[in-house]
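Heads up: the structure comes next, in structure tokens.
To keep things simple, chains are lettered A, B, C and D as they appear, and every chain counts its residues starting from 1.
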Amino acid sequence: MAYIPHTESERQEMLAEVGVKHFDELYGAIPADVRFPDLDLPEAASEMEVFAELTALSEANLDVIHTTNFLGAGAYHHYIPSVVDHILRRNEFYTAYTPYQPEISQGTLQAMFEYQSLMCQLTGMEVSNASHYDGATALAEAVILALNQHRMKRKKVLLSATIHPHAREVVRTYTQGMGLEIKGDEDCNVGPDQLIDLIDETTTLVAVQYPDFLGHIHDYTALGAAAQAAGALFCVVANPFALGMLKPPGEFGADVVVGDGQSLGIPMSFGGPSVGIFTTKEKYVRKMAGRLVGETVDKDGKRGFVLTLTPREQHIRRDKATSNICTNQGLMALASAVYLSVMGKTGLRKAAELAYHKAHYAAERIDTLEGFSLWNEGAFFHEFVISCPKPVSEINAHLLEYDILGGYDLGQDYPELKDHMLIAVTEMITQEEIEDLVLALEEVGHD
Amino acid sequence: MTEPLIYEISTPGRVGVTLPNVDVPEAGMPENLIRDDLPLPELAEIDVVRHFVRLSQLNYGVDTGFYPLGSCTMKYNPKVNEDAARLTGFAFAHPLQDPEASQGSLALMYFLQEWLKEVGGFKGVSLQPAAGAHGELTGILIIRAYHLSRGDAKRTKILIPDSAHGTNPASTTMSGLEVIEIPSDERGNIDLEELKKHCGPEIAGLMLTNPNTLGLFEEQVQEVIDLIHSCGGLVYGDGANMNALLGVVRPGDLGIDVLHYNLHKTFSTPHGGGGPGSGPVGVLDHLVDFLPGPIVDVLEDEKEEQPPLYGLICPEKSIGRVKSFHGHFGMMVRAYTYMRIQGKQGMRAIADHAVLNANYLRVRLRDVYKVPFDRICMHEFVMEGHWPEAPDVHALDIAKRLMDYGFHPPTNYFPLIVPEALMIEPTETESKATLDAFAEALLKIAEEAKAEPALLQEAPHATPIGRLDEVRAARQLVLCCRPLELDSAAD
Amino acid sequence: MAYIPHTESERQEMLAEVGVKHFDELYGAIPADVRFPDLDLPEAASEMEVFAELTALSEANLDVIHTTNFLGAGAYHHYIPSVVDHILRRNEFYTAYTPYQPEISQGTLQAMFEYQSLMCQLTGMEVSNASHYDGATALAEAVILALNQHRMKRKKVLLSATIHPHAREVVRTYTQGMGLEIKGDEDCNVGPDQLIDLIDETTTLVAVQYPDFLGHIHDYTALGAAAQAAGALFCVVANPFALGMLKPPGEFGADVVVGDGQSLGIPMSFGGPSVGIFTTKEKYVRKMAGRLVGETVDKDGKRGFVLTLTPREQHIRRDKATSNICTNQGLMALASAVYLSVMGKTGLRKAAELAYHKAHYAAERIDTLEGFSLWNEGAFFHEFVISCPKPVSEINAHLLEYDILGGYDLGQDYPELKDHMLIAVTEMITQEEIEDLVLALEEVGHD
Amino acid sequence: MTEPLIYEISTPGRVGVTLPNVDVPEAGMPENLIRDDLPLPELAEIDVVRHFVRLSQLNYGVDTGFYPLGSCTMKYNPKVNEDAARLTGFAFAHPLQDPEASQGSLALMYFLQEWLKEVGGFKGVSLQPAAGAHGELTGILIIRAYHLSRGDAKRTKILIPDSAHGTNPASTTMSGLEVIEIPSDERGNIDLEELKKHCGPEIAGLMLTNPNTLGLFEEQVQEVIDLIHSCGGLVYGDGANMNALLGVVRPGDLGIDVLHYNLHKTFSTPHGGGGPGSGPVGVLDHLVDFLPGPIVDVLEDEKEEQPPLYGLICPEKSIGRVKSFHGHFGMMVRAYTYMRIQGKQGMRAIADHAVLNANYLRVRLRDVYKVPFDRICMHEFVMEGHWPEAPDVHALDIAKRLMDYGFHPPTNYFPLIVPEALMIEPTETESKATLDAFAEALLKIAEEAKAEPALLQEAPHATPIGRLDEVRAARQLVLCCRPLELDSAAD
């Protein structure tokens, strides 16, 4: 039996010590009629066989190593320096539990403290928790923080339509029992200025994305100020990779910054796991959900780290907790910390700039093609929208013949953007690959 | 030796990676949106590697030694799981790529759904929730949606035993429902009489942890479930303790309506120092339509030589997605690998040996440590870390002293209903030799507690750092290092 | 500059401290006419670009994961349990040097001590060194040991023709300056009995392979006795994987057992690195080449391990050393130790038996095919020879169309075995794959 | 805590792997050739993982800290090298598969050959040798074969400076030639006068380590080489110290006829706790035909769109193969990756910073430690670990004491020509911060040596184990654990 070390004689000895003859006797408390079901599962198999099977399954997928990838829409193929996975594979990190026992968990604790510090620096905020599940759930938690901050007295949430559709959906799922009014995302053409008009004294939180789902980068200073003037919290859903070059949301006066950390050293893995970033101002720290690592000293005065402010959490406060989150994304937060440490001040900026320049080059080139045009007006980062002469799915089928993974079909989420494709260009794309894309698109135009 | 912070070993101008040069014309930048400073540390690759390698060495994991953390199922994480999750076709697949180009991932998810249904006795499974607590929220939202869909809007209360994990009440609150706590009786079961008092038309459901957090199988589980059902409520199962039930009993067969699994407990995916986990939710027939989508289904059946076509569907009355994309796919790969290797035969063997190990330790320790509910337990048991003869020694001291013996301590002070609780879950992957060594250490510590209490109170002695001042941490909040204000603490 | 941490200001500071202004000044001792050549090398490139290039290069190879592999001939595709590589990736193991400082090298030292122990058990011998480069060089070292044992007074070496051709060639390369007479490998039909006839009082060593290069397994008891009766040393070149079920050479009275450890948990890697096994009797230990780990105690009596009998080695004895070997195959020896630990008593035997049964099944099936016949007479292990109706290269080209990597063309090394193919079947091969091979071969027969 | 031996944690009947069942009819077995007992240990996967993880933690590697082991070039081993070597197409390619199906490997080897030729100034390279010493043997055999091919059979002597690494004389002896030792002069160079005395018709060649093991570049290198050549001998270069010469001078340009590279030093492949290494040999024009085969060559040139066809060839008068298959291909992948990333620009930078780091440390230490040849050094330097004021403190004590400060000690007692030698090679991958910390530690230790010698003599104090009794190890030889006779030492 795989992974069960017992020998037959040990089994017998132990059963005897426990005072039973057979395993069956251990289950007297279980209703006899449903005991020991015959499970319809495959036969046990060896590691050797199973790994071969899994290899074959994995190769039934298309992957972005063997295609040129222009698909983003919330999951990005960025470069991951080799060191990141080498650190994640350290047994002491990945086989540990949440660091409840600090004396033998300083590795995790210090790394989480560093993660928190890095996230504060990157987003320009004062405090960070030790992670949420992903960017979408982090946004939902931001909504809850705002609700709690206003003691559930304000029930209107403004979500920009250009927040990732999944994130908006998750907010709605989370809050379906809370009787909220969620507004602002009826039309993707509602910009920050129009959002200002929707703010009123019942508004608990105003949230926008940066860069937004359609690639745009806006200066949110006025919006943030308007929200705060009305007593609402202002939340920015940020792509942390973009913050390598973009003004941090802290400078827009954000009260909360959330985001998905996948772009910081985490492979896409068909969508997960990634890490949900959550940073805020010090004044909200006791309302913030999730774990927190703090610095302290041991009995000899040596610096060390512990989980702190745990009374906010469910295992102490139970139904009064700020959230139910327990297991978070520890190892993925570590991945981001390693990534940011090795990319560093200059590396992250350079990678972000590479993506920026390449995206703009691609946009410009495609914009010249017959039938295609760049939809975005104003500044964008590394994603942009093109209007297409044909359904996006048809175009993508054509691109795939050239081993190109085309962009995201925006018509799925925004009826007004039927036949519009969201294209992402990261630092992994070369000029040559952009030219290949342009050539392939040109063919589509001419068909 | 303590390790300096990453900021403390940063040097202005140092570079960790080289990147390609720009190979396209540079575009203009919107100056007002460009940041001035990017205050990240500056290190060479070697600095980063050494820093995190050294940090890792300050950690204790399952791969370092025995980790009997109750309620956490710290079983061995098979290495092949890690390899599988890193296969290029899995790790580098985009979640939004065309389902036809993702048949490998979808097939894997489909089978995992099927297998989880089979071991749980459920009709539908959603793999989307990210962890146990996330599964709880999902499940409670499903229960809520179910009642509402039947026009039954007054069911706003969820009953939760006092032995439940804190996530249960917290999840309930998050869902917008209200918590009513139910006490346990003197055998560690739910107090049936109390329960009856609360049953009624306002009850949306009950959250049941079974085996409960004392490691005991609810002796009147059928009565409890029937009671809830008869008053119109549904039963939520906290599946954190499924390890004890694999191949032994299927929660769905007991009438549990919805349950979350912890792939990061029962199905061997690593805990990662606090995640990521994965908390799929299984439901009986009447709840299938409420599951969060997307879910994998067979769109076209297998035809000779042609494999079936898998696709993503969204259940009709879905509560909506609870997460971006499809959940923690990387964890699913690991759990799939594990279940595939264990197979039919392995399931029951896991439960049998997990239960055997827990009972073996219970029996070896019960003469010296008080086991308040001393009967055959399931995968874990709770004992008290306190003796009248050593009044100043507490569960925490025992926990810390165990570190000196090379073991990770059990969970302590949970469940709350046992004073000075030490909650021990050995899991099936530990050998008799390890259990014996652990029992010896605990017996020795019990002697020390009486003979030399300071040894425990000042423990641990053999760890990289001594007992930490948690009060100070909470009072003088230092939650991130501010590189500029730091005076060089690196020595 | 990759992997060089210096910042510009540090560089200047350090140059100043050294007392020079520019790097160039550090090289005054170097003849000016050849100083600072302009190197014709590719431009520096980023990890990102280089890894993509390497991925493409690697995919220009055929590999045994995506083919069904019947090629052996000294390199075998066996199952490697996942744990092996997980251990090899432990930074503390692979980034350490030879354990000259035992106090901070107990990991390597104890693992090597365990490797030595495992090798003794497996081969049935008394002592093992801490590895040679590979099986071929280990055989050459065995020859040198014998020569030294006989103080260079015996100069005849008998090598069976069914020792791997590479190993025989390496012995000849190594000893080309020693004036030896190397005999016995003129014809692959010379069996152990005929070798006995060649032994005389000038013979220093008799070496055979087990299983031999053509797959046969022989009882070498008589040969060993005859060698020793003549005062010669008897050496067996063993495949350690086969020793999972076969009688260990120690039981044939071998004086030295050598072999290539690739089959013990090491991927083929296009031929290397693997590990050279060398075990012998205690009485030869001071003549044995290579590093040795021994048990001892520290000043408090705690058990520990150190390199021992170092005076045999080059860094002390210089030109009088038993060998020049310094760096050996430490990490690969560790791989074998982990492999044997996890396979264990039952696992290795079962794997060997699987290979044995599958090979015999394949041989039997192929033997029934028109035009093909099993060449081996007598017992064989997991490799066997088939005579073919066509040149082996033609057959292999055909097999490759079915993604089958065919066997080794023996005509390359043994003119008498033209159109004979050496087929290896390991535990990785399924019955279905054997049937596929048979079907494909059948087609060749019918062409 | 010491870790028990793998045999000591073995339990009869325990199983570590499951394997598939036999899916073919079982064949009969030759009973006389089947072994009875297979005395391997019996452990579960978890036992094996914990055992080796714990063992690893008792080790110090470059990834743990500074490792200034002279003559060993313990530079940082880039992590990407490891990934590259594990790519399926490399790790799972069979060495005997058809060259047409191995174009990826062959192309890689071809470029590596070309690049090594370019940095060394050679005309041919063989990648076959497994390590430095193996390269030496190869090179000396090539020299021998060269003379013989010219009918010059009386050249049987090789001159070797007394500062040479022990492998030089040992390799020479193995080749069947005879060693003549040449002393060094008072500036650390080869004593030219002595050298002249030996030159003559019996001289096959000279083995030259340059920079020599004192870290000094031979000041009269041209004279030395000319001298040997003029008497008909050839010059072998021990390329262990190539790190100092990359982009600075090409040994071939100096007239060195044959040289081995250490990919595991200069080209960043990891040392693996003692190997595997890789010791390619480069030669000038007149020796190309003697190289061990096979060597990769272009069989068909590149044609538009078609890449060139690479194949394996064997040089005409080859000394024969020195190893099975093609050498340590896995190490070649790592070295290729490294050279490709460093490129043209990187070579000189490596040498510059390696030399700068060594000189920086030399200058920081020379006032306190005697540096016998105190002039600008190359990539390493040698100092004496002894002071008249502390007569009972030796280089070894300093080495051991450095461990307490968290550093790996330098090489000690080599080269033999310096008493109490401490040979320090920092490599270019170490930062000024690390060098400064190391220098501080050594300066502190120098004070301790005088003030409190016992602190050094009893060092190390902070390591998992104290100083070990090497004499006992050699006297009471215990070279393997005999599981049957062992009394359970596991505690």
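By our rule, a contact is a pair of C-beta atoms (placed from the backbone, for glycine too) under 8 Å apart; a residue touches a chain by one contact, two chains touch by 3 or more.
Note that the structure is predicted; figures quoted are calculated from it, not measured.
> Matching C-D on over half of contact pairs, by residue number: which of A-D, A-B or B-C?
The same interface as C-D is formed by A-B.
> A-B or B-C: which has the larger count of contacting C-beta pairs?
More contacting C-beta pairs are found at A-B.
> From the C-alpha centre of chain A to that of chain C, how far is it in Å?
Whole-Å distance between the two chain centres: 47.
> Compute the distance, rounded to whole Å, between the mean C-alpha positions of chain A and chain B.
Each chain's C-alpha centroid was found; their separation is 19 Å.
> Roughly how many whole angstrom separate the Cα centroids of chain A and chain D?
45
> Please list all residues of chain A that touch 2 or more other chains.
1-5, 10, 44-48, 51, 55, 65, 79, 81-83, 86, 89-92, 427
> Of all the residues in chain B, which ones touch at least 2 other chains?
11, 14, 17-20, 43-47, 49, 53, 57, 62-64, 76, 78-80, 82-83, 341, 429-431
> Which residues, counting only chain D, touch chain A once they are in their complex?
For this pair, the touching residues of chain D are 11-14, 17-20, 43-47, 49, 53, 78-80, 82-83.
> With touch defined as at the start, can you tell me which chain C residues reach chain A in the complex?
Contacts found on chain C: 47-48, 51, 55, 65, 79, 81-82, 86, 89-91, 427-428.
> So in the complex, which bits of chain A are touching chain D?
1-5, 7-10, 44-49, 81-83, 86, 91-92
> In the complex formed with chain B, which residues of chain D make contact?
That would be residues 1, 9, 11, 14, 18, 44-47, 49-50, 53-54, 57, 62-65, 76, 78-79, 341, 406, 429-431, 433 of chain D.
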